[in-house]
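Below you'll find the structures, each written out as structure tokens.
Look at the two complexes coming up: subunit A is in both, with subunit B in one and subunit C in the other.
Right, the complex of A and B next:
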């Protein structure tokens, strides 16, 4: 099969790149092995939350202080502002409702009850201008009885530090009786599926309205709208008080919906999305990748003019570690990382871990290096790139979005 | 907890390992008033950091006849009194092509003379009995080895002691031994929860603190010549073997593979370390490499089995008093009456020995305590089963079926973990059956039982009681669920967040030496959830 472009990886980077290329008329395929980081999405896309240990207020400004090998610096700070606008517009065209701007971080409340700086937030969630003030004084935190994945006491504790009085209440719903009987079924996605059917929302809103009498805001776990894209809005209409949704333990319901939204956009643009398939190997000639072979398609080879590797970091298996080496498992590309495993870690889990910075080596144009030489038509995007600790910086989504748009632009040139 | 600070105890026992808990039980059964103190939690020292091997004694048969004979005797006793802590798996001593097959007959003879039953098995039959064993073996001997859960064993002793009137203080660290001239009469403790010092008085103070007994003795002005020997082990994520696998040769590094619960573990290395390092139990890269290399020789499938954790413990070896160099070191039981040895009345030390001989150590220590207190009551611990192991009219299955409405994995797991005590896991409503930890099948009911009745101060304690977070994901999702439940019983949710951070750090300590493959993927995912999405910080939450 022949495509203009083939993208390896169906996460945020792969989808962004695929949508951008497909919008420009390219015939694209995405090969996705399955779940990606969007499935445990917090509801916000971070651009830069922390630099040099300091919390960032203006990400575009603070990027100047990043090291030279940082993906943002390598994309070029002169391009970043435009790319942040492109990214936002691409996501909005795809059907996501987002709030936020690249030159000023806003804050969201985490499930530990602390404020965290971020760039773009899904409209399901609430954005705050200030980190130390909360617009409401009395909050009721509602949880479903038997649901262990929403930590009301932690939220209450965090709110206390923001000078908010919070009370915890539980709601029992007969619609959840069946899933509660199985000891491992009372999880976010199963609750969301019940709400998706629209026969529980009315009753739940009524109960919430009674329980929130005397409070300024209702805090709920973000379990609304898995496949049903309107249910979160309906909930907010039916509940009289302002509703503040907070993430529960993954998988993330808004994350799965976001992934579906982006995938549908890609497919509507004519893209081919191969789900549950893995790229096994590539055929190279004269410094070019000619074709790839996948697990599900056996002898049917996939050819393309350009390829994009957006296979993610360790947990997505974009990079693999064994006791004696690090490697890129599909093509054996060069890795930017130490081969001695004693150098990978810090003994304190909350310290900056060296392995978080590891990724595939590229040239200035983000083309993958193989045995020190760039592969002419193989671009690298997203968290499979090294050069940053996106967890410590709060830059994971930003790096994915901007490097994949940058790769797409290289291809479209 | 019933704390009576003005009361003078008959005996204060220092150390919440198997020996300390066993001594507390024995003393309480003989009618003494007992206080057991522990600086962290039960089984946090050498007790919880070994193979969990129910030794037949065969390993020592050739080199140490006395230890071998002690082991087989205690082995048979533990099968009777602690059956809910034990898996009667049997063991094989394998001869590999690189080993001398002539050792086998010497080994069998030595076992026989120590009272250990052996059976020489044809290698082909041995491979049918234990398909995970190295197919190249040239010899195999079957012995009555087994597996023992040291956390459960220690907890059962402590629970039994408590039931018979003993007071127990965990998170209380001895900071001084109180003396009146040449007589010890109590301990000064630092209460880590309340951050304050308290004093307790007793007629006898029994030092059962394992390697840390070295420092305890110093507080009393007594010198014990201890030599810490570090042993490292690896835990694998699957139970590849059903029988204990040993190498049929003189004891060496990494030659025992023990199955236990859902996992198996290989160990140990042996390395003398300075006494200053006993609280810093890291596992080096070389340790890990040697454990894998030797482990694969016993069972080749270990090469492709995921490693969950690495950990190390310290054996409390004691040198003879006339040998300050430590060359003639005993692995046997060491009981010191400091009146006889140092002219200090009211203070005894029980140390050396092994997990296998904890009960015997407790018996010997209690005999000495009783003699000093002029109490004439015989030891009964060899005959009376521990809490959880009592025989009753109901079979264990009947008991646990009453506990849970669904006949699921939580039910079987709870029965395995708590024995006949499983009935205490109250069945409230179907919510109690909900799973907190999916890897290990831990329900809300079980977590609540542990919090209410098993001296749980934090998530790490909870793990030792219920196996929460011990499975393949190492606490990825269950830690937060368990923290939520624990938080309900804590006054300060901020403390529960710190506790969660500590728990993740503790899990990481065992993961970092083997963090490649799935482990590095898992820790990256865990960090994203807790630090990235939740915004958990290491302290001051």
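Right, the complex of A and C next:
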């Protein structure tokens, strides 16, 4: 089967790449081994939240201080600003509503009750200009009876530090009795599915209005609008007080909606999205990747002019560590990482862990290296790249989006 | 000092330990969404497995509510064989005995043979309301369900009488695993397959003796019989694939999925020698076209707007792309790709009175999609999806091979390779 471009990995990087290339008329396929990390999406895309241990206010400016092997530096700081705009427009064209700008971080309230700097935030959530002030004085935190994935006490404690008086209340409704029968399965997505049917929203809003009497703001877990894209807006219309949604423990309802939105955009552009399949091996000739073999398709191989590896980091098995080695499992590409296991990690878990920086080695054009030589038509994007600690930096989404666009541009040149 | 001996007793053949508890599978389980009595794929699968290995008493009979759609496996980012874990647990631990009703539903071969022998009587009888009421109250087969009509002339009989001889005229050959539905209910699909394969230059043969793939036996807990039939079929496939070098194709996505994957995973019946050459006709034809070995010529006047529904087992196989690619090759076809969702029937599951409501609620989002798609008809590769969609929507359903059979210009296609 022949495509112009094949992307290995169906997460944020893979989809961004796929959408960009398909928008330019390329016939693309994405092979994804399962659902992606967008299912754990907080609702905000970070660009750069911390650099050298300091909180960042202007990511574009602070990028200058990053090490030379950081993906942003390797893309080129002269290109980054344009790419941040391109990324935003690509996401908006796909149907996501986002707020934020690359030269000035805004803040969102986390489910731990802390203000965190970020770049782009879904319109479900509230963006704040300041980290140390909260626009409301009295907040009511509403949770669903039996819902264990929303930790209201953390939020209350966090708000206290912002001089906000918060009270926790719970809501019970017969629409949620059935899912409560199975306590371990009362998850954000199950609640969201009830709201999706549109027969709970009215009653819930009425209850919220009664319970929020005397408060300035209503804080709720983000369990609105899984497959039904209009529910979050309807909720905000029906509740009289301002509504502040906070992420619950994954799976993330706005995250899954985001994944679906991006995947649909890719498919509407003619892209082929192959879910639940694994790339087993590649056929190389004269420094080029000719075709790949997947588990589901066996002898019917997939050919393409260019390939993009966007298979993620350790969690997604884009790179794998065993007791004695570190490797890229699909093609056996070169790894930028220490071969000595002793050096992989620091015993203090909150320190900057070396393994977090490991990834596939590439040349200047982001082409993968194999035995020291670049594979002419195999580009690498997203967290499989390495060179950064996205957890420490608050840079994961930015790296995924920008390196994917950069790789796509190399192909479109 | 006493030497400590490490004796692992909680070892499973399944990869449940790969589960990182992310719960993504629960999002895509069609049953959990409508029936809270089902513990969901994570609990029934990897979580429960951990418990059951310690003590089989942790087995929960609610696992029978699993449709075996495998959508949890397709969604799992960690590659855990959740569906297989659940089905294996049912096989290993379930103490509930199959009822008479389950045996009737599961034995598609025996029931099909009897019913097609007396087709006119059986068809009239099972369509009658009073009969359906009795089946509902005595057998607990839901009265809403209509049994597919049985044919008076079985496909195998028709083939031997009218088609077999002609197949020798071709240079290339394949075997056809027709399955119970084509044989006892809908021989036309088999006839369409022969028409298309003949046009492509292939003679079509039957296996020496095919038995029901056994999917319904597995889901109804009749494992011994399923294993026996699986072994029989693997031998029959070997005679074609290994001895005669003739690949085996089928038009039923569930039969072929069962033979390729459920035989080794659930029944422990080895099939390495035949697996790669056992596939769907759509994939076989696609490969020929993809490799430049076949060109299909289509009629100019075939114009249809068609929606493709991805059956669960096609989703798991990842093969709907072959069916949709073939349909897209027909110049007059406007193809609407429906969002892949379970139709709810899951073979015999939806026929059972206790599952009827779950079955219809699971299917509702798909039915709504179909009603809103304004198409001439729906295309799909699974026969039970066809029954469910035809019963629950206003749309008719056709198999992609039947669509090809109608749309190709047989003579023009044959001329291309006869030259």
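As a convention for this text, the second predicted complex is superposed on the first by the 413 of 413 C-alpha atoms of A that agree within 3 Å, B and C clash if a C-alpha of one lies under 4 Å from a C-alpha of the other, contacts with A are read in each partner's own complex, and residues count from 1 in each chain.
What we mean here is this: contacts are C-beta pairs under 8 Å (C-beta built on N, C-alpha and C of every residue); 3 or more make two chains touch, one makes a residue touch a chain.
These figures come from a predicted structure and were not determined experimentally.
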Task: Touch count on subunit A, higher of subunit B and subunit C - done: B
Open item on the list: Just checking: does A:184 make contact with subunit B only, subunit C only, both, or neither of them? Give me first, second, both or neither.
Closed with: both
- [ ] Identify the partner contact of A:193: answer first if only subunit B is touched, second if only subunit C is, both if each is, neither if none is.
- [x] second
Open item on the list: Between subunit B and subunit C, whom does A:286 touch in the aligned arrangement: first, second, both, or neither?
Closed with: neither
- [ ] Return first, second, both or neither, reflecting whether A:296 touches subunit B, subunit C, both chains, or no partner chain.
- [x] second
Open item on the list: In the overlaid three-chain picture, which partner chain does A:52 touch, first (subunit B) or second (subunit C), both, or neither?
Closed with: neither
Open item on the list: Per the contact definition in the header, classify A:276: touching subunit B only (first), subunit C only (second), both, or neither.
Closed with: second
Open item on the list: Let me test your reading of the model: by the given contact rule, A:364 touches which partner, first (subunit B), second (subunit C), both or neither?
Closed with: neither
Open item on the list: Touch test for A:250: subunit B only (first), subunit C only (second), both, or neither?
Closed with: both
TODO: For A:151, select first, second, both or neither according to whether it touches subunit B, subunit C, the two together, or no partner.
DONE: first
Open item on the list: By the touch definition above, which subunit A residues appear in both interfaces, subunit B in one complex and subunit C in the other?
Closed with: 37, 40, 181-182, 184, 250, 315
Open item on the list: So in the complex, the part of subunit C that touches subunit A is made up of which residues?
Closed with: 20, 22-24, 26-28, 32-33, 36-37, 39-40, 43, 73-79, 276, 283, 286-287, 290, 315-319, 321, 325, 337
Task: subunit B to subunit A touching residues, read off their complex - done: 282, 285, 288-289, 292, 406, 408-410, 430-431, 433-436, 438, 443-444, 477, 480-481, 483-485, 487-488, 493-494, 496-497, 501, 504-505, 508-509, 512, 514-517, 520-525, 527-529, 531-538, 541
Open item on the list: Taking the touch rule as given, give the residues of subunit A at its contact with subunit B in the complex, in rising order.
Closed with: 37, 40, 42, 110-112, 114, 116, 145-146, 148-149, 151-154, 156-157, 180-184, 186, 247, 249-250, 313-315, 317, 320-323, 341-342, 344-345, 347-350, 353, 355-356, 391, 394, 396
Task: Parts of subunit A lying in touch with subunit C, wherever the complex brings them together - done: 1-2, 33-37, 39-40, 178-179, 181-182, 184-185, 187, 189-190, 193, 226, 250-251, 256, 267, 272, 274-278, 294, 296-300, 315-316
